[in-house]
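See the structures that follow.
Each of the next two complexes has subunit A plus one more chain, namely subunit B in the first and subunit C in the second.
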Partner chain A sequence: MKNSSPVKWLVSREGLYYLALAVLLVLVLPALLDSFRLNMVGKYLTYAFVAVGLVMCWGKAGILSLGQGVFFGLGGYCMAMFLKLEASTPEATAQQSTPGIPDFMDWNQVTELPWFWEPFHSFSFTLLAVIAVPMILAFIIGVAMFKRRVGGVYFAIITQAIASILTILIIGQQGYTGGVNGITDLQTLLGWNIRTDEAKTTLYFVCVAMLFLCLFVARYVQNSKFGRILVAMRDQENRVRFSGYDVASFKVFIFCLAAAFAGIGGALFTLQVGFMSPSFVGIVPSIEMVVFCALGGRYSLLGGVYGALLVNAAKSGFSESFPELWPYAMGALFIGVVLAFPNGLAGLYQRYVMPLEDRLFKRGKSGDAGNDDAALSGSLGAEKSS
Partner chain B sequence: MKSQTYRTTSRPRRRLLAGLAALPALMALASPVFSAGPPTAEVNTTGLAVTDDTVQVGILHSITGTMAISEIGSVQAEKLAIKQINESGGVLGRQIEFVQEDGASDWPTFAEKTRKLLRQDNVAAIFGCWTSASRKAVLPVMEQFNGMLYYPTFYEGLEQSPNVIYTGQEATQQILAGIDWAVKEKGAKTFYLLGSDYIWPRTSNKIARKHIEKKGLKVVGEEYYPLGHTQFNSVINKIKLRKPDVIFASVVGGSNVAFYKQMKAAGVDFTKESPLLLTISVTEDEIRGIGGENVEGIYASMKYFQSLENPNNEEFVAAFKEAYGDDMVIGDVTQAAYLGPWLWKMAVEKAGSFDIDKIREASPGIEFKKAPEGYVRIHENHHLWSKTRIGRAQTNGQYEVVYETKELMEPDPFPEGYK
Partner chain C sequence: MNKDQFLLAVEGLTVSFDGFKAVDDLSFYLDPKEIRVIIGPNGAGKTTVLDLICGKTRATSGSIRFRGKELTKMKEHQIVHAGVGRKFQNPSVFEDLTVFENLEVSYPEGHTVMGSLAFKRDTAVMEAVEEVAGTIFLKDLLDQPAGLLSHGQKQWLEIGMLLIQKPDLLMLDEPVAGMSVAERRQTAELLRVITRDHTVLVIEHDMQFVGDIADRVTVMHQGKVLSEGSIEHVKNDPKVIEVYLGH
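After this line comes the complex of A and B, so read on.
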C-alpha cells in the first residue's frame, strides 16, 4: 500500500484530517473550555464511538442497526455494576437492612447479591465484559439473522425490537438492575474519585485516546481487503455471495465490531457521567445515534465523530437558550441536513471544501493533491454509487 | 405558551400597578425599597450568583417529553411564587432572577443541567425535578457541588439528603392516614394493591401492606404494570372475581387514562363504592387527561386539593388563574412546588445569608403560615409536616374534600421495617 510509513501517512491528506481532529480534541478544546464544558464534550465523544461503529456497519456494510443503544447500554451497565459494587461497601451501606449490597436492591427487598453481579467485583473481568458482553449479544443476533439472510428493513426492525425488549427487561427487574432510576451515585474507580474536576479531565483524555484507537482499528478494517468486500456486499450482495464469499460471516463480524465500539463508548459514558440508566438503551437513543451518523456522513469515519459532537453540542446549546422550543430547532436541523445534504457533513465537505483544498495544495506544493487517500476517495466513490 | 403571554404582556402592567399601589408606603418610609438588603460580601461567602440587588436561582423541570404535562404545573407555580416574592421586596432586598433549564424527561439531562446550573450559573437554589429517577440522577451532583434542591413531588421516601428540601409528602404521609380513613369511615376489610412498576408504587404498597396487615385486615392482590401500560382487562377481571372492598391504586402517567376508562367500560361504577377506589397518584392534573366523568366517585389521598377552603388557598388559586388562565387546574404537586421558593426565602432570611450551609442549618423549624395547604413546617429530616386529606372526585375534575387529619402528619422517610 502506498501509505506504508506512518510519517508519510501523517502528511497525506487523510493523515492531516486525523491530525486536525487530534489537535482539536487534545489541544484546542481543553484550552478553550472550562472543566464543566470539557466534561460535556467527553460525554458527546462517547457517542462518537457508536457513530464510528455505525459508519462501519451501516455506511460501509449497509447493515442499518436501530439498536445500537443496546450495546452502548450493556457496556455502560457492565461498568456501572463494577462501580456500584465498589461504592456499596458494608461500611458505606451500614444503615440498610442488608449492608454490602447496592442501595436499590435493598429498597426492593433483595437480600443477597444476585449471581450475575458477583464477577463484577473484579476490575479485569469488568473491562473484558464491557467489550465481550455486547459482542456476544451481537454475535447471537448476527448469526440468527444473517445466516437466515434477514437483512435490510427487517433487520432494522428486529434490532429496534431488541432495544425495546432490553429496556422493558431492565425496568421490570428493578431489584437487580435499578429499574427506571438506573444505577446511580457512582463515586470511585479503584479508590480514585471520579467526580473531581481533575478526574473528569483525565477521563476526557482517556476517552479521546480510546476513540483514536477505535478509529484506527476501523480504518484498518476499512482499508483492508475485508473492507472492500464489505463495500461490495453493500452494493451487490448476491454477486459477492456467488463469488464464493460467506456473506453472513462478514456481516456478523462487522456487526460485532460495531457492538464492541458501542460498548466501549457506553463504559466511558458511565465513568464520565457517573450513572447509567435504561434511557440510553431504548429505541429513542438508538435512533438518535443513527442520526448522529447520518448527519456527520455515514460513509466517513471522521464524519461520524463530528456528527456526534455537533448534534450533541447543538442539543445542549439549543436547550439552554430556548428551553421551551429546542426540540423544534433540533428537528429543523435534522430535516434540513437530511434534505439538503443526504451524505451529511462529510459529503458537503467533499463537495465544496475539498476542491478548494486541491487548489491550495497545487499552489503550495507539487501537483500531488489529486492523489487522495484510499478512504476518502473510496467514500466519494460510494457517494456516487448511492 | 401561557407563561410566555404572562411574561410579555401582563407582568409589566401588574408591576406598574403594584408600584403605584406602593407609592404611598414609599413616601411614608422615604427610603428606596431595594436598598434594604445587607452588603453582598456578607450574605454570600461562597461565590453564588448574588449581586447587590439580584440573586439567581434555577428552575429545572421537563418542559418537553412525556413528563412535560405533569411538570409544567410545577414550573408555573414556582414562577408565580418567585414573582410574588419579588413584588413583596425580594429576598434580603434582592430581586430573584431565574435561569430555566429543560430536563427533557430524560434523567441524564437532568444531571447535566444541574451541573450547569451549579457550576456555570452558580445559582443559589434549584427548584425542580419531578420523578424519583430524575432526583436520583441529580442527587450526586447536588451533593458534590453543595447546592440546594427544593423537590416538590410526593415520593417513596428512603432518602434524606442534606442538599434537598422535600416539599411533597414521603410515602407514609399519604398512605397511613388514607388507609385508616378507609377502614374507619368505610369499614374496609380487604384491599387490592395496584401500581405502575417502579420504586414509588412498590414502596408505597409495601408500606400499605404492612399497615393493613398490622390491623388484621387482608390484602387480596398486589399487581404491577410497566410504565405506559394500557391493557388492564385482566386485572379488572381479577378484581371482579376477588371483590376487594378497596382498590388502592398508584398507577401513574398515561396508564391512568386507559385504566379508568377500561374500568368504566367494564361496568365498574365508582360512585357505588363497591369496590371503593383510593388512589395516591391521581391529582386534578391527571383528571384533566382521564376525564372527570371516568373518575367520578374515586377517592384520593393527598395533602392538597384545589378545592380546599381557606383564605391562603383562595388567594393562591386566584393568583394562579390570573397568571395562567381560568381553565388551569392545580394539583397536589403544583402546590408543593409553590412552597419551594417561599421556604427558601424564609430560610435565607432566617440565616441572614445565601450560603448553602447556613440555609441548611436554618431550614428545620421554619413555618410557612401562608401555605395554600394551610400551614407547614420543615422537619429536622428536611421533609414537611403536613396534613393528609381525602378528596372525592367530581365530574367537573375537582375533588371534594371529605376528610382531613386533625394534626400535621410527621414525615418519616425511613419507616421501621421498610428500609
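After this line comes the complex of A and C, so read on.
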C-alpha cells in the first residue's frame, strides 16, 4: 500500500495488473480489431465504468443498487441532449414546422425548446451535468434512504423501482425526451463528425483514458481510510456507528461516486454509439450491470472491468448466432457465479492463478500479497468469512 | 447539589416497547473514575440501559446527562465524540480488516467523509495503535485479519477499539462471557489496567469477577434499581438474594 513512487508502484504486483489492462486496451485490442469491433469494445467499456462504481458501492460497502442504469442513462441523456441540439440547427431542420428544435419535438407538436433543454447548448455545462445530474439524484436517494437506515434488499428494490419510474417517465414524455426511440441521429461533437471510423477510434481511446482515471479515483478511495470504513460497514455497521462515524454520510458519498462513474460511462456510450434510449435505463440493463460486476468479481476493481468486457463480448457473440438463447445463457452465468464462484473471475484468479505467479516469481513472502494487491484482494477476507 | 459534578447522571429514564417498560424510571449516578457494575437477572433491562446511553435505543422519557450534556437527543456518533465508548456483548470487530486496521478505524481522527479520505497513517497513529495493541495482548497479531482471532481475542480487540478512542466512559457488556479460565484471568487484569484512568460501566454475571473489580454495584430487576452499594452491601441485601443470587 505504500506508494512511495509511481514507478515503484508500476512494477509492484498491483501495478502490473493495471499495466496489463492498459496494454490490452491501448495496444493489443486496437492492433487486433477493426474499427467496427474496436467501437464495440469501447461500448462494452462504458459499462465497465458502472461496474467499477458497483464494486465500490456493492462489493466494498455492501450497498446493492439495482438501478445503476438510471445514472448511466442520465449521463447518456445529458450528452445526447447536447449532441441533439448541435444537430438541430435551424438550417438542418428547416423543413420542420418549428425549425431549430430537435426533430422528435416537432413530431410531437412541441413548438418551443423546453426550459431544461436550454442549458445543454453549452458544452461545458453538459460535461458538468454528465457527472452532476446523476450525483444529485444519487444524493437525494441516498439521503432519503440511508439517513432513515433503509438498506439491504429494501434499498435494492427501491433503486429498481426508480429505474422503472425513470423509464416510464422518459417513454411517457415523448415530446421532451424522444420517448421509446430515445435521442437518435447524433452526428457531430463541436463540429467534429463522430460517425467516422477515425472519430470512433479516437473516442475509444478517450474512453480508455477516462476509465483509467475512474479506476485511479476508485483505487485512491479504496486504499484510503474511507475504503477501510466501507469494508467495516459491510461487516458491522453498528460497530462503525459506535466508533463515532455517521454511517449514512459515508454511504451517500459512495453511492454518489458510483453514480458519477455510471454517468461518465453513459456519456461515453452516447458518444460512441451515436444515440441514447430508455432501453439502457430500465430494470433489465440495471440488473445486467450487476451481473457484469458479479461475474468479474465484486470485490475487485479490475475484475469489474473484465466482467463488463467479457459478458458483453459473450452477449454480442451469442446474439449474433443464437439471439434467443442469450437471456438463458446470462441467467445461467449469474446462477453459476452465485453458486460456484461468488467472488467472480477475480476470486478464481486469486485462488488459482496467483499461487502460480508466486511460484513463478518466487515471491514467497505471503505477507506482501495481502496489502499490495488491494485491487484484486478484499475477496480473501470475504471468502473466509462466508 | 449540582448534578453536573457527576460524570454520568441518569434520571427518571424510561423506555417502553409497545407498553412493556424495559427500563422503568431508572436513576443512577456515576462519579468520575468510578467502576460500576450492573448485575441482575436476565431481562432486567441491563443491556437496554447501555443501549439508551449510547443512543442505540431512544428513551421514552427521562434524561441522561454526561458531563453536563444531554445524550438523549444526540446521534450515536455524536455521543461517541462526547466521550462514551460501548462494547457489545457479542464481539463485534471488523473481520475482514486486520487487527491494525480495526484499531486504526477506531482512532479518533478522520471521522468525516473528507477527513477519512485525507487521513494519513502517521507515526502518532502507529504509536497509538501499538500502545493499545500491547495493552490488549495483541501486539504480535497486528497484521492478522480479525476474523481469524479467537473469541477471547476478539473481545480484547473490541475493548482496544474503545481504548484508542480515549473515551471518558467505557461501557462493557459482559466482557468475560464465553471466555476460557485463562482468558478470563487476563481480562480481569486488562480491566484493572483500564480502570486506572477511565470511568467504567460494566454488565457482568460472574460474581467473583464483579467482586474483583467493582467500586459499587447496581442491581437491576424489572427495569428498576433493586439495590445499590458496595458488593458486600448488595450481596447481603435480602431483596437481591430473593430475585437474583438465589436462596
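We adopt the following convention: the second predicted complex is superposed on the first by the 363 of 386 C-alpha atoms of A that agree within 3 Å, B and C clash if a C-alpha of one lies under 4 Å from a C-alpha of the other, contacts with A are read in each partner's own complex, and residues count from 1 in each chain.
Definition applied: a residue touches a chain if its C-beta (ideal position, glycine included) is under 8 Å from a C-beta of that chain, and two chains touch if they have at least 3 such contacts.
The structure displayed is predicted, hence computed values, not measured ones.
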item: Clash or fit, subunit B versus subunit C on superposed subunit A; value: fit
item: Partner chain(s) touched by A:Ser279 [first = subunit B, second = subunit C, both, neither]; value: first
item: Subunit B versus subunit C as contact partner of A:Gly182, first or second or both or neither; value: first
item: First, second, both or neither for A:Asp106, with subunit B first and subunit C second; value: first
item: First, second, both or neither for A:Gln236, with subunit B first and subunit C second; value: second
item: First, second, both or neither for A:Arg228, with subunit B first and subunit C second; value: second
item: Which superposed partner A:Gly191 touches (first subunit B, second subunit C, both, neither); value: neither
item: Touched partner set for A:Pro6, first subunit B, second subunit C, both or neither; value: neither
item: Closest Cα approach, subunit C to subunit B, once both complexes are overlaid on chain A (Å); value: 39
item: Where subunit A meets both subunit C and subunit B, residue numbers; value: none
item: Interface residues, subunit A side, partner subunit C - complex; value: 220-221, 224-226, 228-229, 231-232, 234-236, 238-247, 249-250, 253, 367, 370, 378, 380-382, 384-385
item: Complex contacts: residues of subunit B adjacent to subunit A; value: 4, 63-64, 100-102, 104, 106-109, 111-113, 115-116, 119-120, 131-133, 136-137, 139-141, 144, 156, 158, 197-199, 202-203, 206, 226-227, 414, 419
item: Subunit A residues touching subunit B - in the complex, by the definition given at the top; value: 34, 36, 39-40, 43, 95-97, 104, 106-109, 168, 171-172, 174, 179-182, 184-187, 195, 273-275, 277, 279-280, 316, 319-320, 323-324, 326-327
item: Complex contacts: residues of subunit C adjacent to subunit A; value: 54, 56, 75-77, 80-81, 85-86, 88, 92-98, 101-102, 104-106, 108, 110-113, 116-119, 121, 143, 145, 147-148, 158, 161, 165
